[in-house]
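Chain nomenclature is as follows: A, B, C and D, assigned in order of appearance, with residue numbering initiated at 1 for each chain independently.
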Amino acid sequence: MKVSIVGATGYGGAELIRIINNHSHLTLASVHSSSKTGQAISNEYPHFMHEVDDILLEINPEQMAKTSDLVFLATPNGISKGLTPFFKDLNIKIIDLSGDLRIKDRDEYQKWYKKEAADEEVIGRAVYGLSEWNKENILQADMIANPGCFPTATLLGLAPLIQNFSAIEDIIIDAKTGVSGAGRSLSAASHFSEVNENLKIYKVLEHQHTPEIEQQIKAWNQHTPNISFSAHLVPMTRGIMATMYVKVDRGTSFQEIWDLFKSAYEDKPFVRLHPPGSFPSTKHVYGSNYCDIGVAYDDRTNRITIVSVIDNLMKGAAGQAVQNANLMFGFNETDGLQYLPLFP
Amino acid sequence: MKVSIVGATGYGGAELIRIINNHSHLTLASVHSSSKTGQAISNEYPHFMHEVDDILLEINPEQMAKTSDLVFLATPNGISKGLTPFFKDLNIKIIDLSGDLRIKDRDEYQKWYKKEAADEEVIGRAVYGLSEWNKENILQADMIANPGCFPTATLLGLAPLIQNFSAIEDIIIDAKTGVSGAGRSLSAASHFSEVNENLKIYKVLEHQHTPEIEQQIKAWNQHTPNISFSAHLVPMTRGIMATMYVKVDRGTSFQEIWDLFKSAYEDKPFVRLHPPGSFPSTKHVYGSNYCDIGVAYDDRTNRITIVSVIDNLMKGAAGQAVQNANLMFGFNETDGLQYLPLFP
Amino acid sequence: MKVSIVGATGYGGAELIRIINNHSHLTLASVHSSSKTGQAISNEYPHFMHEVDDILLEINPEQMAKTSDLVFLATPNGISKGLTPFFKDLNIKIIDLSGDLRIKDRDEYQKWYKKEAADEEVIGRAVYGLSEWNKENILQADMIANPGCFPTATLLGLAPLIQNFSAIEDIIIDAKTGVSGAGRSLSAASHFSEVNENLKIYKVLEHQHTPEIEQQIKAWNQHTPNISFSAHLVPMTRGIMATMYVKVDRGTSFQEIWDLFKSAYEDKPFVRLHPPGSFPSTKHVYGSNYCDIGVAYDDRTNRITIVSVIDNLMKGAAGQAVQNANLMFGFNETDGLQYLPLFP
Amino acid sequence: MKVSIVGATGYGGAELIRIINNHSHLTLASVHSSSKTGQAISNEYPHFMHEVDDILLEINPEQMAKTSDLVFLATPNGISKGLTPFFKDLNIKIIDLSGDLRIKDRDEYQKWYKKEAADEEVIGRAVYGLSEWNKENILQADMIANPGCFPTATLLGLAPLIQNFSAIEDIIIDAKTGVSGAGRSLSAASHFSEVNENLKIYKVLEHQHTPEIEQQIKAWNQHTPNISFSAHLVPMTRGIMATMYVKVDRGTSFQEIWDLFKSAYEDKPFVRLHPPGSFPSTKHVYGSNYCDIGVAYDDRTNRITIVSVIDNLMKGAAGQAVQNANLMFGFNETDGLQYLPLFP
């Protein structure tokens, strides 16, 4: 199958290229950019030199639909919702890595993203691409809203509790991310000397991934409270860790929690559960599509601690996008994603 | 006044030397080490070269009491409780930077530290050195249990709530630290290639700073729950951030919370409150004795978020120790600590 | 073909596992360790969890020869020379990643390594595995001395000059490495707080890779001077850059230099030449087997600057070892090594 | 004495504020910026909060001359040469931290900086502020061209050789810098994800500090060759290391070299010579005004290796600027600069 990438000069786009280049069933048809048209992608990214030297093309949906079976939209928030209508009647699948198509409630999108929402029809058509928990719908979909990086780590960590307890009392999510999550656009917040040897909290109570998480957990279980979510910027390039503190509506035990996680994930190839007493680090999934999870239960407070880590550019973006493409095309879910993590 | 340092080759000891060297009222009498006796401290730490070239001496309490007015015990947990008896009848003040004298309940110490506790008499004599909130007792003390790094950041962040609300419903503390907090002893957990570009959680539900925090908050307010505390290792050398999520026993507002913090800290020189909507980063206090705090209130969840940062080697160890020495000697609290943070 | 790894708990060993796990013609027969026998390798390296859970076995050459066609010795310097005799009459190929078999002159080895050299017979049998420039011999070999990380970057950068100019006047090699090159053994030199935000020079004039480089360049061209070599420790995990300053015996030009490099490497899949005026960064080859090279010529000083980068664990160790295994087994040189670098 | 700072929002400006705030003889009169006028400096730099909250003012030379005895121009290259004429007939001393006034030959400036040079009269008046080696002229000066960061580390390392050998055969300078040297302006080259875990070489053969170094060494000794200079960007915030490889015109010995360095620097408070066999790391001078130097001699190649480290924002910029201000005002050279380095 042939695929094209819009927004190929961003980090998500570059990671898609890396994966596709080694994927046995996907071929890169073309790479597109609005700003660097005419340059070779390997000029922007010399690590591709000699291997992927494609020229960056203009974004031309009709042309792309002729040469590609699927397009990845790896564009910043606010762009893809303007692009999707042009692909409407064309015979091409779409996977959107931005936040534009994820929030079903347009008002919520507008409140948190502070941008105009996409058309209702487009939003309605888009299937939320949390591969492990929405597989049936993804198999049928022709348009995917690929989940955000924080929601992916968070939802995979919360799912066994939300889906199995009758009610959840409170949920606090303390999330930490590497800097590549902020993308390649220059900003003081990503300036090396301001980030290195520094730890910041940002968008306190305002992070746009909050409604995405709440939408899904409330869909799983209506007896779920609003979340307290905060995001921290860690002086590293890749990796997300979500540390989650959850109280359920009744007493429980480590064994009960453990069994829920075990049965939820034992057949899911990309989710790995740490043995009791052991917890994942972000480097354990570096460069890979895994989500590693550890759980603990504190009877002093009756609170469950869940630690979930992903590589934000892989399972948090490009990796999960390819996982979804595999599902949409009927390939093996793990095709092209069987890298072991890079350590150290 | 003359001071000596036991454990001068550790990071806390080295930081004490740095401060004392520029302190107008304190002079370094001698530096002591159990392992590197006979070497110059500048051999261990070439950054002291030409400025502090003192030879590391054996630990000899009687001799030290003759030449020093105060001794800093900057030793690992488990050592100082064996040393303090030797200083008992000598005319010398003691500031212990380890955890040995902080926990009043010997069973709790033994449960969390997994070591034998100090003698009751010594524990009873030691005053908890949280400078901002125990000043009266510190002024009279001759033995100080200098607070831990996480408890310092946490307690300064929680104090205005704990002291002023009639009851607290729950407290979650998600703490993050730079690697220097683990000290200078070699361990896989501090090996560069295992830490760099990595984020870890450690001692989940088992951190020995948990009882130290609970002891103080319950002393301030008996209607305070057990805490959920977890510690993360961030790939940076210095800095602690405690992100705290607190629910009080009734509805509140940002304005009420803000006023509590403002009145708690407006006269305390080392605690700086960020303006509404702004939050501190660890680099804002790098190399200094400040604790910077930001607060937020979320009416979606009725939860208060408090962000508190310190330099773990300064306000979290050597800086607060000197602040306490200043109080014990009747100096100005800020003497020798008026460095601005190093940025970037 | 089946392979086994001795020293699987080191970083080189772990990287071999990562490569072999995705290699279509190599299968991992067994992993061996002298210290962690009986544990699962995924216990040491949780990033392997669920994918490579092999138990670490004792080092038993006879047994290994029965189940493996080739053994990688990924042991520290000084170990493999004691192991190789046990494999002597067994039908198994050997690739030694340590420095033990590289130096033909036993006195030189002893002078620089400050250890007893291997037996002459073993040294004589070992073929130096600089894949790009010793291919013919490697194809025939049954024992490979896999090159050191600095020599690999350096020799690939120097080869076109040394091989083509009649004489070289002087060679200065200023090398910089990430910390993983120092391995997984604990040392103050690899302690995070001592390395981070720090740049060190080490083993000035004493680095054991000096004779390895000189041996090869003098073999290529006897009119080659002794080198000035120094190594620096950079606060990053992976990556080597060798910046080389070379004066040849006569006037030259950028065009002449450029043509030499171009013709030397245009048919070598893992060496990529940067276009004029552009230079490689270590991240351009991160996690891959590439060696990227840039060259410049300064007519103000008649000096050539060559910049050569590799990933020290890949082309500088495990990657080149697998490249050599591919050659020894008659596979395609690039099999199992066609990863694109990980960026960012 | 009262001082003002133009370009206070840059890293050099911020470092000047940090030093002056603790300086017993200098007081900050005003801070100036062309872009952030009207804001508090502590808004830009929250680490100054509560301690330095001055409002950033417009650049008004006449007004500044009324309230200040000296102005520091901490502006990017190309700005101060346009400002200095306005200060011409005013009674105020000037220390320019940019490169504008350093190069006496206007054509050289234009060739390397690719900008119009300053007026000859201004250039003629400016005294090169290499404090250790130009003290007599600095004492008399009213306008200082403060040296560049690389030239400072390099020239302090080369001086004893250049000044004492009759001729130098060749000089190779391999320089490495932390990222703060690139300033606070956003650029891809300072974007965290592009710099972290990466090592780059930049401005190969084109660095504008080349003529500054050559101008001074040729002034010291006309029998000095052109230099080979290259600069590398290291993933750390602060610190410069210059590794220098020098061949003199005749045979020499370690002892001769060592004696030259010892006698050159034994009376200079900010230059510290490492004992034989020991070399400085950048962290040894972190946050301080020291330049630490180590030397070696290789009789295999008759080449001298010199390692010189500074903190680029201190001895490489703001620290040396204050050192020069001290000299101009007749204070003790070390006033306000007696910080010990921050380690770790």
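One rule holds for everything that comes next: a residue touches a chain if its C-beta (ideal position, glycine included) is under 8 Å from a C-beta of that chain, and two chains touch if they have at least 3 such contacts.
Just so it is clear, the structure is predicted and the values come from calculations on it, not from any experiment.
In terms of C-beta pairs in contact, B-D outnumbers the other of B-C and B-D. Most remote chain with respect to chain B, judged by CA-atom centres, is C.
Taking each chain's centre as the mean of its C-alpha atoms, chain A lies 38 Å from chain B. Chain centres here are Cα averages; for chain B and chain C they lie 45 Å apart. Chain B and chain D, compared by their mean Cα positions, are separated by 36 Å.
In chain D, the residues that reach two or more other chains under the touch definition are 11, 178, 180, 193, 196-197, 235-238, 281, 283, 286, 344. In the complex of the two chains, the chain B residues touching chain D come out as 11, 14, 17-18, 21-22, 45-52, 180, 196-197, 237-238, 272, 274, 278, 280-281, 283-288, 292, 338-344.
Within the complex formed with chain C, the residues of chain B that make contact are 11, 178-180, 184, 186-188, 190-193, 195-197, 235-237. The touching residues of chain A, counted against chain B in their complex, run 170, 172, 174, 176, 178, 193-194, 196-202, 204-205, 225-228, 230, 232, 234-239, 241, 243, 245, 247, 279, 281-283, 286, 294, 296, 298, 300-301, 303, 305, 307, 309, 344.
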